[in-house]
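The structure's right below; bear with me while I get my questions together.
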Amino acid sequence: MTVHTTALADRACLIVHGPDQPGIVAAVTALITRNKANIVSLDQYSDDPEGGHFFQRLVFHRPELSAVMPDIEADLRTTLEPYGMTWQLTDQSIPKRMAILASTSDHCLLELLWRHRRGELNVTIPMVISNHTNVAEDVRSFGIPFFHVPSQGPDKSEAEAKILELLIGNTDFVVLARYMQIISEDFLDRVDVPVINIHHSFLPAFIGAAPYRKAKERGVKLIGATSHYVTKELDEGPIIEQDVARVNHTMTAADLQARGAYVERAVLSRAVQWHAEDRVIRHGNQTIVFTDRP
Amino acid sequence: MTVHTTALADRACLIVHGPDQPGIVAAVTALITRNKANIVSLDQYSDDPEGGHFFQRLVFHRPELSAVMPDIEADLRTTLEPYGMTWQLTDQSIPKRMAILASTSDHCLLELLWRHRRGELNVTIPMVISNHTNVAEDVRSFGIPFFHVPSQGPDKSEAEAKILELLIGNTDFVVLARYMQIISEDFLDRVDVPVINIHHSFLPAFIGAAPYRKAKERGVKLIGATSHYVTKELDEGPIIEQDVARVNHTMTAADLQARGAYVERAVLSRAVQWHAEDRVIRHGNQTIVFTDRP
Amino acid sequence: MTVHTTALADRACLIVHGPDQPGIVAAVTALITRNKANIVSLDQYSDDPEGGHFFQRLVFHRPELSAVMPDIEADLRTTLEPYGMTWQLTDQSIPKRMAILASTSDHCLLELLWRHRRGELNVTIPMVISNHTNVAEDVRSFGIPFFHVPSQGPDKSEAEAKILELLIGNTDFVVLARYMQIISEDFLDRVDVPVINIHHSFLPAFIGAAPYRKAKERGVKLIGATSHYVTKELDEGPIIEQDVARVNHTMTAADLQARGAYVERAVLSRAVQWHAEDRVIRHGNQTIVFTDRP
Amino acid sequence: MTVHTTALADRACLIVHGPDQPGIVAAVTALITRNKANIVSLDQYSDDPEGGHFFQRLVFHRPELSAVMPDIEADLRTTLEPYGMTWQLTDQSIPKRMAILASTSDHCLLELLWRHRRGELNVTIPMVISNHTNVAEDVRSFGIPFFHVPSQGPDKSEAEAKILELLIGNTDFVVLARYMQIISEDFLDRVDVPVINIHHSFLPAFIGAAPYRKAKERGVKLIGATSHYVTKELDEGPIIEQDVARVNHTMTAADLQARGAYVERAVLSRAVQWHAEDRVIRHGNQTIVFTDRP
């Protein structure tokens, strides 16, 4: 759970997925052996052993990893080509760069900054961008750069352009930590890295504005939060994590929202951690998540 | 939690609700005192102390209760009339009669029968009615009458008429324990007792047929169940209880359904228990539930 | 859940407990009515309606409360004396003063400071005292005074004396937020306000040093935390709140400890909130907690 | 989750564990490939990639499995000998035989019988043995043989001898489903199959008689249950699964026990299922559990 930087030295994470077929696991593990690496952990899943799709996450340790990464990559290309598999190899000692977009709410933002400082998120945080200024001081007290990009008026293109200017080249994924602006399709195309969002969710669903008020009116007994990758269908992207909290009739819509904040910060933190550790594989509108949850 | 029949002797449950106003609690508790009763438990809630709606559930013990019930009722009428309050007084030593409608699934049905036998539900079960026969033997092994009312063809009115014939006069509330037939508005009007239903529910909602398959396709991480009173808007009635279970990518739609069964039986059992103990007050499309949950 | 200061204006919390007897609820509620107050919430519990002990928490609203507090207190004295009841009346618009003692760990401390800033704890925080300095900057960034009282060597009496000098007269209760020093009986006597502690706890219990290592060796599947009032029996005082998190074989003792931190901060926060809102009544080595948990 | 018998045809589960070393995963997976089998699932864990202990559970599909089992076993012997690994190969289409010992409580017993009938436990149940007769009829209604072995007086050796006579040769593991007799060391030696027990557990622990009363006196807020393998140290054996339920001051010791029953039946059911599916590897006093929990 805690990220020990020294423990990540010379460690790589290999993601392999594609059409399931006999021999694929043997081929991958033989490759690891002949490259003098030791398997640290291995998770795999096949949605149908007969003709389904196969997913594998393998973490290995190889002394002097950075020197031999090109050799291992070449071996992977040769070995996996006949199987038609997609793969991705990541040096775990190089944390991903995570930019955060926020608005006025601090609960998700501060939880990420604090878990990062605590050494529980294997990321660097190059910047926090907000369309408001109230979180600036908190962000900077963690030693993280803060940029204010206001987004007034109906035309958001100017604000998005400024944000893109800050982000492009500087981030490996973007987290919307209760960022209350709609992201345009054009922005998604141009930022070209995964974008993770968090939003409230209910049983049953209350779509549109004022969901906590609607949930109150229907007398729901659970409120929840969902973290997902942002796609052009907005809040319909592949789900990474969800959770709920119990509520009752004594709680006002404001109380539901306050309690929901605790669910949101926990759900988003787990989603971010799993993404940072290459535990999430997107597959159509689903995710395969090799979680570290007991 | 366990219902001790002797413990319920000479106990009554008083529900009072109406416009909140100063003095109402004092008026009710003074009434209890002057009727020589002792308060066992008292729960109350006001949705707004200034001009809101007030709800109270009060359980009291009064030796020789059945002899003095008419006096207490007369006193309640006189006392509460000036306040414009609605009230209901129930002798807890007389269990409510609960008829169960089922189809082929046994998980909710058997859980209710078992909790009843265990002494955890303060009800009698006059009958189980099913449109199938597979649960007949199990039901009768609990000493409960079973009636088979098939419901073939598009016209359900004949089946509903037979069910009503069995129910009317013999039940205080009806539980749909995974009863897979749509209940007509006419049936609801004529049965004229509360009807409690259980159905699956998801974050976000998947409406219509095959919800588990749709949830699987979206890759949900939680599945849930909701128990509610049936109204003419079908699955839109006031919610009594909800809960969820965690699921993941390795589970098929059938696995989700199997796991959902455990949530359904727990949620329905709690909803039934709370209704049986007069813990649920309907208020518009909400419920005030004075649960016994810690 | 969220504390709206304006909502607490003219609100008082009345705690009454003592031998259960008929008429006590009527006597209290009549007193509220004749003092022109309106009941906002009422919780009560009797451990045995026949000859047991009775506990009540009643929140009421009375315009111009501060002017009439002495009158209400006089009325309470007169009214409750014949019943032999203990009572306590608190003006909710005056937050309790909560001093925090910490060591090097920041997880419980920062959670309390953040919830306080967020308006979710009805307290003021006059000071944080630590035997280390690493949390000083964080504490001061919340605008809270920080005092460093080192505690080296076997004799803690000097350090305790300094802490008492800071605390006495300035605090209504003390929270040990992972304060890793043993509190002497003398300290407890002299500080003379409730002291709340948080510690890890396991199923089954692992007593003494290195509990996470022992739990790991036994292969436990759950780790927990307990918050309680400190008594002279150290970790044996009355329990306010407990919770657990699931763990498994892949987690090291350090991982268990890291995960335990999340349980600890949640459990302590709830215990503190309930104490601050006068929801906890101590009774022998037990607590009656009228929680706001749904 | 649900056991589809056809799905288990030609499936085997291979457990391998021993000193961790490079190449072991490649060796095993190559063996699977050359034996024309297809990996269905693979879980592994190493308690230390440098010189630790390695554990693997691998499920594979091989057409005409029963014909080639001896060949695969011979290959495993040859392949794994140089690595010094312990292994075990199980044909999943042959369910384990599970004998159940019970006393008067039915909650754990009926849950197991019902989950078995529902097709969720991959076992056969050759018999239920009880030192009481009250559960006989229920057991037989599930079509399971019931044997009554009374255990009066201080000398249990005669009763144990009768039970052993019934068990030996007829069972692959034994479940103590709230069997309220102490098992002798001699019995354990002679029965010579794994024995799984369930017992209540608390935070903190309350040892000895009347644990629910003691927990009540201390005012605990959680009660729990632990399922473990029985060893000569009685309730100190390796833990398979644990869970808790929330309780509060309103609940009597009898209520705690009633609520505890729901935790017990769930925890024991999961432990039994995981054992039946060869998901639990014992390692000293710990267990490695490759659960199917999301």
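Each chain gets a letter, A, B, C and D, in the order it is written, and its residues are counted from 1.
The rule we apply is simple: contacts are C-beta pairs under 8 Å (C-beta built on N, C-alpha and C of every residue); 3 or more make two chains touch, one makes a residue touch a chain.
Each chain and its UniProt protein: A, B, C, D = Formyltetrahydrofolate deformylase.
Treat the numbers as computed from the prediction; the structure is a model and nothing was measured.
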| item | value |
| --- | --- |
| Maximum centroid distance from chain D, chain identifier (CA atoms) | C |
| Copies chain B and chain D touch via same or different residues, half shared test | same |
| Comparison of C-D and A-C by number of C-beta pairs in contact, larger one | C-D |
| Gap in Å, rounded to a whole number, between the CA centres of chain C and chain A | 37 |
| Chain centre separation (chain C, chain D; CA means) in Å | 41 |
| Residue list for chain C, restricted to those that touch at least two other chains | 45, 221, 248, 250 |
| Parts of chain B lying in touch with chain D, wherever the complex brings them together | 1-2, 107, 110, 114, 118, 120, 137-138, 141, 221, 246-248, 250-251, 254-255, 258-259, 292-294 |
| Contact footprint of chain B on chain C as seen in their complex | 22-23, 25-26, 29-30, 32-33, 36-46, 49, 61 |
| Residues of chain A defined as touching chain B within the complex | 45, 47, 201-205, 216-222, 224, 226, 238-244, 248-250, 285-289, 291 |
